[in-house]
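What follows are several structures.
In the two complexes below, chain A is the common chain; its partner is chain B in one and chain C in the other.
After this line comes the complex of A and B, so read on.
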């Protein structure tokens, strides 16, 4: 009987997740330039990816993006969750504002920030100029391009992570905090010694989610920078997209890159999870 | 002309009368064809047979379509409605953004979900998937179109027609006449690239505009400037001819990259959009540049959206003047379940009456020999279209050489665009752009020999 209840979900899961994943893995061992005729090439696609001169830059870009994105997102979402949790006035309003970017389409996010960050007519540089600053080429200079996409990536997901952490915060027994306050602990001490340790399981979830999101980032970056300037914001998913869907289409190569991405995300998630469990056990 | 009048009248008749006439006409034609021994489609061509009409009734075909202007979409919808009345079949219009035209279509073909007919700008990618039009529309059908324009839709080995040129495009500059007047710069009737750059800078200085010049981020558009200096990439014999004109190509590339590097052209738009196509149309419409180098397909949108006086002006002339050949094509797919209906729909869209209607509404240039001979009378912007038509005539024959490799044209243009990006960012020099482009073309041409 229980299997009957989970059957519809399992059907969808197998049809749209498991089967395409298996098929993708299978295709990664074939070559196809038209998506209809497949020639077996063994591990040729994997060797081609590791021999591709652009893959080193893509790997570097992805690593840079993921590291900064995960660290900044986690720290800021903890900070925002703490602030919102303490708020007495217009609580709902501020939570809605924080969550608003999550509800925007990533394509819209890319387009909005493309306008905001425009070097010549963007409002950000207008403000900077009014304040006596220059006109940085956010979308023209490779280093600034990476900073811009990290910032926008954090902006998009911050509300989502903050709301999860907020739920974790509200699960903390208030009597513990009150007892610490009565014993003379400062606000900072309460956060450091009580709240953050108790928030560890939720923070671990955020770390895992942020790592997955970081590796999977593509849509808003594609509309914001298109992977430019000069490939500086081309991450692994765009590399997969370009190989699989841009002319000439190479489904085998795209699938092989997808399998590599899966293995990376799986390894990082497992590592995060194991480290988190180990710390909890201590 | 008589046939066009008949066709137009035929379409305005009520459905039952039309069916009767169509059946009667097809019977007469069939009898004639039996007598002459010609294949039915080849000789009849113009009208479907009664059997076809009966078979098509209630059938649906898909038209994979993109549009540069609203006028193109509106006209297409109206023409589809007429076609549906004429045949009893229905047409599902799939409107696709230009930037994902090929990626979506290739994914659809791979998934076994091919459309029946598509409007494309890179037909070389679909040679293996296209319907042999000769089988349905006859061997003489190709002769209805301008000879040069059918090169890209001629099968490289069988030499059969696999699509039709739907419109001819000519690259060229637009200017903001108001800004030119304000700056006291005369509207050019002939000029070279030095004059163009000087005029752009003068207008920029006088009007305080952001930029002096803007060009579509496209290797196809840059090829026009190279052609002006007498530099070409591939000739009609599928040979890499860029090594013969290296210095001339460098000159053209340097003029454009220098403008971008000096911030006198929208560098952000070119560098900040990765490997995607982008057009500075919005920048021209916002009056941030007095000169916009694009092509005639922009006329309809500019005519609708520009809040200022603009004009198409002749291409700059160095060794050569004129534009650069391009265009959009209609292809029917061999995976179609009703190939004769797909072929007839393509035929219908590209017939003289429909093409003339579209040309007038969307400011297209015709590809049909009869329409070119007759001339299309545009209700407005006639002088702009005259400029483009004149430049089409001045386009050097060597510019058509690249069309001898229809499967590679897109790749060659894209590589040039990406190398230009590196040059604009100061990562490589124009000389290196040319060197790397030569090497790339050699590699690509070598794949044809495999």
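After this line comes the complex of A and C, so read on.
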């Protein structure tokens, strides 16, 4: 009987996750442009990934995006969580606002910022010009494109991380903070010496989650920059997607990139699990 | 967390700052949070206002905050001249059928993991959780090849079934089911109730809070999902809203003001959920770290 209960779920896992994962690993050693005929190439795809200048560009973009995205998201979400947590006036309102972008479809988020950051008719450049600044081509110049993508990535996810950190803050024993305050510790000292150290496990979770999310980013970039300008915001997931749907179609190369992405995400997810178990044990 | 606890924890910090109203800290904090509110709300409001502008206003330099003429036709044309109704109904259909399916199969699996002892149970449970480690993005190409070899490309089932078995859903419901006393199930068995009947009539109704959380997340995921339907729905009549918006945006035949109107309409259902179910959503995230 219990097998009947788990069967539908397991059937889907096996057909649509485990089997494709195994196939993906296989295909990564082949070359195919139609998904039917496969030519074995050994480790050729992997060697190409580490040698090809186009892929080196994608790797550089992804690394830049992930590093800045993770650092900025983590620092800002800690700051926002601390500030919202201390707020007395309209706390619920601010928390809701902070969380709003998390609910929006990433596709719409991309469209929103595409509208706001438009070089000629966007409100941001209108504000800048009114203040005597120039009108930077946010979505036209490669460097600015990357900055825009990092900013919007943070804008979307900040509320999500802050909510987890807020839950962590609520878990801190109140008497500790009161005792410190009674001993004459300043608010800043309390934050630095008590709250931040106690928040370390939660912060670690945020770091790991943000890294995983960073590597998976795709949706909002699709409508924000489409991977441009000049491929400057093409990250690894878009690269994999393009190998299946844009010429040149290279299923093998895309699968190999998928295997590498898997190893990165696997490592961070496993780390999250292990740390989670350790936290429970304490 | 109960209301009382939450209120107590909310007060945890405020009591430290004493009662002197309004301190420098409060003013700084509130200013900071108001700035944050501006950075989050202003782009969204700008976008909504843009959706009421006609082509001339959209190209105006410097841009106008309010439309010179409220172009409500952006909205009516989305229905009359473009297929908005179709995309919307596709999204509603995929979201609702997938959510019902997810609730059913996830709770069945959760029940087996929580209330039965069987060979391979722990192994299968670990395997279920391990599925989190293989996100769609890394198996994009092979899963597309598998799905197309099964003939599921350009079908509703292709959009619905593959993502219906969620590891997180199984986990949340299982944890909740562990709190249901075994005696209840034993008693029903002695009374002669069949196994599936016990599950459907006794266990499921007791799990309502957990099912609600999974339902909310499933709806959010499915409504906003892009990558998966993008792979499957290659015919225009199957586009869900995100796919339609992303692809129409790139086409010159569809005016930008129509895309704006469609986008604004597409976020309304989610905003409703946000307003009415914020508490459950926030708690679900805080407890499980899922997204």
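Heads up, the rule we're going with is that the second predicted complex is superposed on the first by the 247 of 282 C-alpha atoms of A that agree within 3 Å, B and C clash if a C-alpha of one lies under 4 Å from a C-alpha of the other, contacts with A are read in each partner's own complex, and residues count from 1 in each chain.
Basically, a residue touches a chain if its C-beta (ideal position, glycine included) is under 8 Å from a C-beta of that chain, and two chains touch if they have at least 3 such contacts.
Source: prediction; values computed, not measured.
Once the two complexes are laid over each other on the shared chain, residue contacts for A:248 go to chain B alone; chain C is not touched. Legend: residue contacts after superposition of the two complexes on their common chain; A:121 is shown touching both chain B and chain C.
Once the two structures are superposed, chain B and chain C can be ranked by residues of chain A touched, with C on top. Of the two partner chains, neither chain B nor chain C is touched by A:214. With both structures placed on the common chain, the touch criterion links A:153 to neither chain B nor chain C.
In the superposition on chain A, contact of A:228 is made with chain B only, not with chain C.
Residue contacts after overlaying the shared chain place A:34 against chain B, while chain C stays out of touching range.
When the two structures are aligned on the shared chain, A:140 is found in touch with chain B, with no touch to chain C. Contacts of A:2 after superposition on the shared chain: chain C is touched, whereas chain B is not. In the superposition on the C-alpha atoms of chain A, the part of chain A touched by chain B in one complex and by chain C in the other spans residues 35, 120-121, 222, 226, 251. Contact residues on chain C toward chain A in their complex (touch as defined above): 9-10, 12-17, 25-26, 29-30, 32-33, 36-37, 39-44, 46-47, 50, 58-63, 65, 104-106, 108-109, 111-113, 116, 118, 121, 124, 127-129, 131-135, 137-148, 150, 161-165, 170, 195, 199, 220, 223-224, 226-227, 241-242, 245-246, 249-250, 259-260, 263, 266-267, 270-271, 273-274, 278, 281-282, 285-287, 289, 291. Remark: chain A residues 32, 34-36, 114, 118-121, 137, 139-140, 145, 222, 225-231, 233-234, 242, 245-249, 251 touch chain B in the complex.
By the touch rule above, chain B contacts chain A in their complex via residues 102-103, 106-107, 109-111, 122, 125, 128, 210, 266-268, 271-276, 288, 410-411, 414, 421-422, 425, 427.
Those residues of chain A lying in contact with chain C across their complex are 1-3, 5-6, 8-10, 12-13, 15-21, 23-24, 27, 35, 80, 83-89, 91, 94-108, 110-113, 115-116, 120-123, 126, 129-130, 155, 160, 163-164, 166-167, 170, 172, 174, 177-178, 181, 187, 190, 205, 209, 213, 215-216, 218-219, 222-223, 226, 237, 240-241, 243-244, 251, 254-255, 258-259, 261-262, 265-266, 269-270, 273.
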